[in-house]
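Presented sequentially are two complexes of subunit A, the first with subunit B as partner and the second with subunit C.
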Partner chain A sequence: MSSGIRAWLDARPWIWSFGAALIVWLVTTFVVQGRGMLATLAVALQFATFYVIVGIGQMFAIAAGPGNIDLSIPGVMTFAGYIAIGLMNGSNYGLPAGLAAGIGVGIVAGVFNVLLIQGLRIPPMIGTLASGFVFQSMAIAYSSTTNAPPAPLLVSFSAARLLGVPLIALVFIIFTVFVAVGLRRSMFGRAVLAVGQSLRAARLAGLAVRRTFALVYLLSAILAAIAGILLAAYSGGAALDMGADYLLMSIAVVVLGGTSIAGGQASPAGLWGAATLLDLVVTMLNVMRVGAGVRYVVTGLIIIAVLALAKGSDETA
Partner chain B sequence: MGLPAMALIAMLGAIFAMQPRAMSYFGLTVLLNFTLPAIFAAMAQMAVITVGDIDLGIGPFLSLVNCIAATLLGGRPLLGWLSLAALVGTYSLIGALIQVRRLPSIVVTLGASFVWLGLALLVLPNPGGVPPSWLPALLSWQSPLLPLPVLASVLLAICGELLLMHTSYGVVLRGIGGNPRAVAHAGWSLLTGRMVLYAVAGTCGVAAGLALTGLNTAGDATVGTQYTLVSIAAVIVGGGEFVGGIVTPIGAVIGAWIMLLAGSLLSFLDISTDWQLSVQGGILIIVLGLRALNRWSGA
Partner chain C sequence: MTDEAGEAFVRLSGICKSFGAIRALAGVDLTIRSGRMVSVVGHNGAGKSTLMQILAGALAPDAGEIRVAGHAVVHGYSVRRASALGIRCVFQELSLCPNLSAAENTRVFHPALAGPGWRRRARQLIGNALHAIFPGHGIDVHRPVGELPIGQRQMVETARAFTETDHPVRLVILDEPTASLDATAAEQLLRYTGEARARDVAVVFISHRLPEILGHADEVFVMRDGQVVGSGAADALTEAQLVEMMGVVRSVDLTHAPGSRGVREQIRVEQPARADTPLRVQLRAGEVVGLAGLADHGQRELLQAVFDAAGHPATTLRVNGSVAYVSGDRRTEGIFPLWSVGHNTTISRLRALARLGFLNPAREAALAEDWRTRLAIHTPNIDRPITSLSGGNQQKVLVARAFAAEADIILFDDPLRGVDIATKRELYQHVHRAAEAGCAFLWYTTENTELVNCDRVYVFYRGTITDEIAHADLTEDRIIGASFGAGHNVAV
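Presenting the complex of A and B:
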């Protein structure tokens, strides 16, 4: 009986993050004596969406096997945010050009990363780390020439609610469903998991290994760009430090969400549980009136602790 | 190691040609002002890269040491030194955790970076504080013959080279990065090795943070951020390989100089410091690219 439950849980590694999020939500509600329960959740979902968008890209990278990771996410987010908002220049007429340019930044960044990793055979963590700094510095240089507000239409889209639920959360929940189905059914999704499980076997099976890795890093960069544009719109403009927390957060939502850090397995649903959890933890600490210092310490410790525990259970299994 | 040394000589030549005044005791002292934190940070990173790991938290760790040095170390020296010692111990434990649970160092150190940043903010919420007076005095000490940054670089490079490259335990430690199985079969503890190297990294990180405090004479919870990139780039540019634990202490010191002087070259060439990150990241990419080309032509 208990082994049946165990097997059921093992097949659903995302359960834990949702459970933890629920507990933190209830504790927060208890601290504020039940006021604004649903409002808290809606705000958490809003910010969770930004984590999930970059988390999906990072999940593909991590699932593609050991050594694969995208550290350029903060730089790409910031540069894409600045370029997109700069071109919009506060007008809806600039929206198409701004969106195209922002996503263009993502495509260029993705291609650049692939060139570094496959063309120059630089280890992904060093290559994407270096390229991330290059994009960050481009954002720094560009930021001195612009201080534009985002297009009003994009601002309303990024902050819109549908029946109390943030609209962008709904959009990306649907996208996550596509990702989850794609991982099981599509050629690309299966190829990512296959190279993550065994690069050698994937090669011998005749999979297009190089193309799979290239698509993974391209996808991650484009998603980072989209997250940067939406975050900049939601915050009323781009900022140089807007991506700073997203490097750790993109990895954290993947690991906490139940994706194995060893690769070869992905848990898209868990991204939402983990992102909501991390955001609710911040809310909880805020209502407990602790400072930014404690928030950072707790976030860091949660990630290390979960990593240490989760990885252990993989080994014994 | 020949190539980085030549690149360094070329950079120094260009700087001296543009700014002949830099070629004096005081000129060098000013030019190499922030050498000490950079070389110690590079040594910390090198210790971790020796076992094939990477430390993405070293920058925020410098900030934390900086904040402790600007508060506790002056006001309550005993507590200050104890907390710095505790930080070194924590570093060693992080190494143990990575070894025992076989975790990716990149994620653990990134998580630790949040802990360092949070602690730094707790110790010193707003920039300020006062370091003990001996610290700035030590950093502005005018050493005989060679300026302090040069002297310290030479000494650190020689010490690192002797300990890591010319002792039998140094060979074991480097072996963990290259072939951990063989090292374990030979009866050496991988756990002890990783803990020793992470403790070395923590100690060098503390030294780097103290040096930074002596130069800035104040504390700031975000002051160290840039040193993560600088330290990784220094090790790699100096001839280190990320895979297989191939490192050279002399190379790491030369790499740190190259990364620092790249910033000075920018200002001499009247290029905005906005591009500093690009140049540092770019150097890293170019060096790795050249190495890849070299491999192809060699094969």
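Presenting the complex of A and C:
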């Protein structure tokens, strides 16, 4: 590959996940002989949106440098989903209170994580894992008292389509653009990327290092809560295992999307490529009638292939 | 040069290397004989480091021939191959694993140190080398290297290059080894190169400190713009000749002689009175105060304390005003390696460039461009990655960052180590100009000659100040005396 093309590609780490998603989509379309190819994509986008919402938070954590990760996402999603839907109790009148309480769960979880990490100096990986268990347990306790349906307005919002495109996907694509601009152009974005590259250099450059970390974990928890509320609404109610997939998926979409696991660099656009890819792979293997065992193998191989291509000539020196 | 003096161990001929559009080396010839010390001098970006990386096998040349011990080795030449041939390199950028101890780092370097008891043998190997080169070094070889101050890390790196297991050492490349060593350690190392030469080891020595070179090297090669522009025996050359060959240095006008400056009344930094010493740090607006002494005797701790105390009503140290910090350890606490020159310049000034938390890109670019021009940072444009710059230019960017921050107090943590003379002189002028405008400087340096830029100098020994010297009374003898605890204000 010529060095010009390589440099162009290296500046666009998100391109691999989009390329892979496109290939998988075309293969799927070929297998089903073109039937419902746009519908497949729309469904994939719908589910991808939930991955992207938590992925944005996880991306900020990972970009903040080695050791930073948010493993409380599933617990926060589940508890926020239960609290929000429980307060709505099937009525649009309960919507504001439900949303506020659900997002409130996110804020409390974020503050709790920050206290564990900064106050008690617990490594983020352990601290957030522990707080995730706490919120999951609270969801279990709360779930025995409620089996409420979500507010109808929220259900229609979460499942609405605009010209065939899921509405929440559009909303969060706009949000992703805002995040991408923010990473480059906002003081917070710069601080996160600076801290992720070199903590000592960031401190000596006069950046508010502690506040930056605190905001990262707060943001991640709030986004997890929002994802939990929307997913619960879309699925017709909260469920105890609704966050289970999201622990590893939130990390997978970040890394597949081109964000450096070493920190200091983030690729928000790639979240969409990666999330769509992971969803389309499942669809493709389903229409191919592949067994569950093979499905995991193929999913794993696709992830490896995308990462291998993206990292290809990073270390040519 | 006479050719009969010793057999040529390494002969480089017609070496060329380009990085994109930049031609780093344009046909370099260099001969290194066993048991001789060759010195390569030149300004930052002259191609010295690139040439050394090629010699050490870390970079492949685009053209040219490398002959080691009489054999051509261009094909498949690598660090491993060079090491097997006995070529060792102490790079300017420290290459130790920070999480490993000195002994473990030695093991990484020597695959032969395997099997049971390797720990003990590695410890002995590095311990002996350290004792031979830097007697009385005081380094704990069990501590992770990352916890050692930069001067000690440099000692470990240097000592490791001289350790031997399966392959004998034939040539050691010392790229700017004395830049982060204090005067004593640098002298020890230079003395040791004599012993190594007596064992028929060749040494390549790169330094910006010309007296060191003229005093110790056998031959000197002068590089400019990727070419060797002159060479000769060290004892036949003078400093003035070298400087002339290195290229035109912009003449410097030191009309704002330090000491003559109007120092303001406003106190920026003040240490509370202490019972054990009459000397305490005080820094006024517009003052340039030097921190001298051997490396790691408390100078950096003072800078850190000032940095931490800024903006806090601290009990131990009163700091009045905003601070900016420039570290000489650019790789671990200076640059943001993934960013452009521009973003690296503006990071400490973002607040002033932002509205509602969002930056104005045009104003940011203008600020970075302004400082690029003012400090003459060599880069085609401010959007280039910072890592594409030479070491000295990266260091300039860090200085620009501190100036751009418009802080009341600038803390210099030996920021000009490894920077060439021309660049240093330019930066000295900027320091004087900023001081003129009221900025206060606390300046730790391992190079005593740099202290002439200071209005006052505090000399450190074992964490306390042993002497305070006004600019007019500054002498090398007095600094060295106080560096060993013999300050005139201390009752012995």
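Operating definition for what follows: the second predicted complex is superposed on the first by the 289 of 317 C-alpha atoms of A that agree within 3 Å, B and C clash if a C-alpha of one lies under 4 Å from a C-alpha of the other, contacts with A are read in each partner's own complex, and residues count from 1 in each chain.
Everything below uses one rule, namely that contacts are C-beta pairs under 8 Å (C-beta built on N, C-alpha and C of every residue); 3 or more make two chains touch, one makes a residue touch a chain.
Small disclaimer: the values here were computed from a predicted structure and weren't measured.
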Partner chain(s) touched by A:Ile303 [first = subunit B, second = subunit C, both, neither]: first
Greater subunit A contact set [subunit C / subunit B]: B
First (subunit B), second (subunit C), both or neither touched by A:Gly264: second
Partner chain in contact with A:Leu277 - subunit B first, subunit C second, else both or neither: neither
First (subunit B), second (subunit C), both or neither touched by A:Ser198: second
Touching partner for A:Ser186 - first (subunit B), second (subunit C), both, neither: second
Touched partner set for A:Gly206, first subunit B, second subunit C, both or neither: second
First (subunit B), second (subunit C), both or neither touched by A:Arg295: first
Footprint overlap on subunit A, comparing subunit B with subunit C: none
Of all residues in subunit C, those that touch subunit A in their complex: 307, 323-325, 327, 332-339, 343, 347-348, 350-351, 354, 357-359, 361, 401, 405
Residues of subunit A defined as touching subunit C within the complex: 182, 185-188, 190, 193-194, 197-198, 200-202, 204-207, 264-265
Touching residues on subunit A, where the partner in the complex is subunit B: 66, 69, 71, 116, 120-123, 125-127, 129-134, 136-138, 140-141, 144, 247-248, 251-252, 255, 261, 291-301, 303-304, 307-308, 311-312, 315
Sites on subunit B touched by subunit A in the complex: 54, 56, 97, 101-104, 106-108, 110-122, 125, 229, 232-233, 236, 242-243, 272, 274-282, 284-285, 288-289, 292, 295
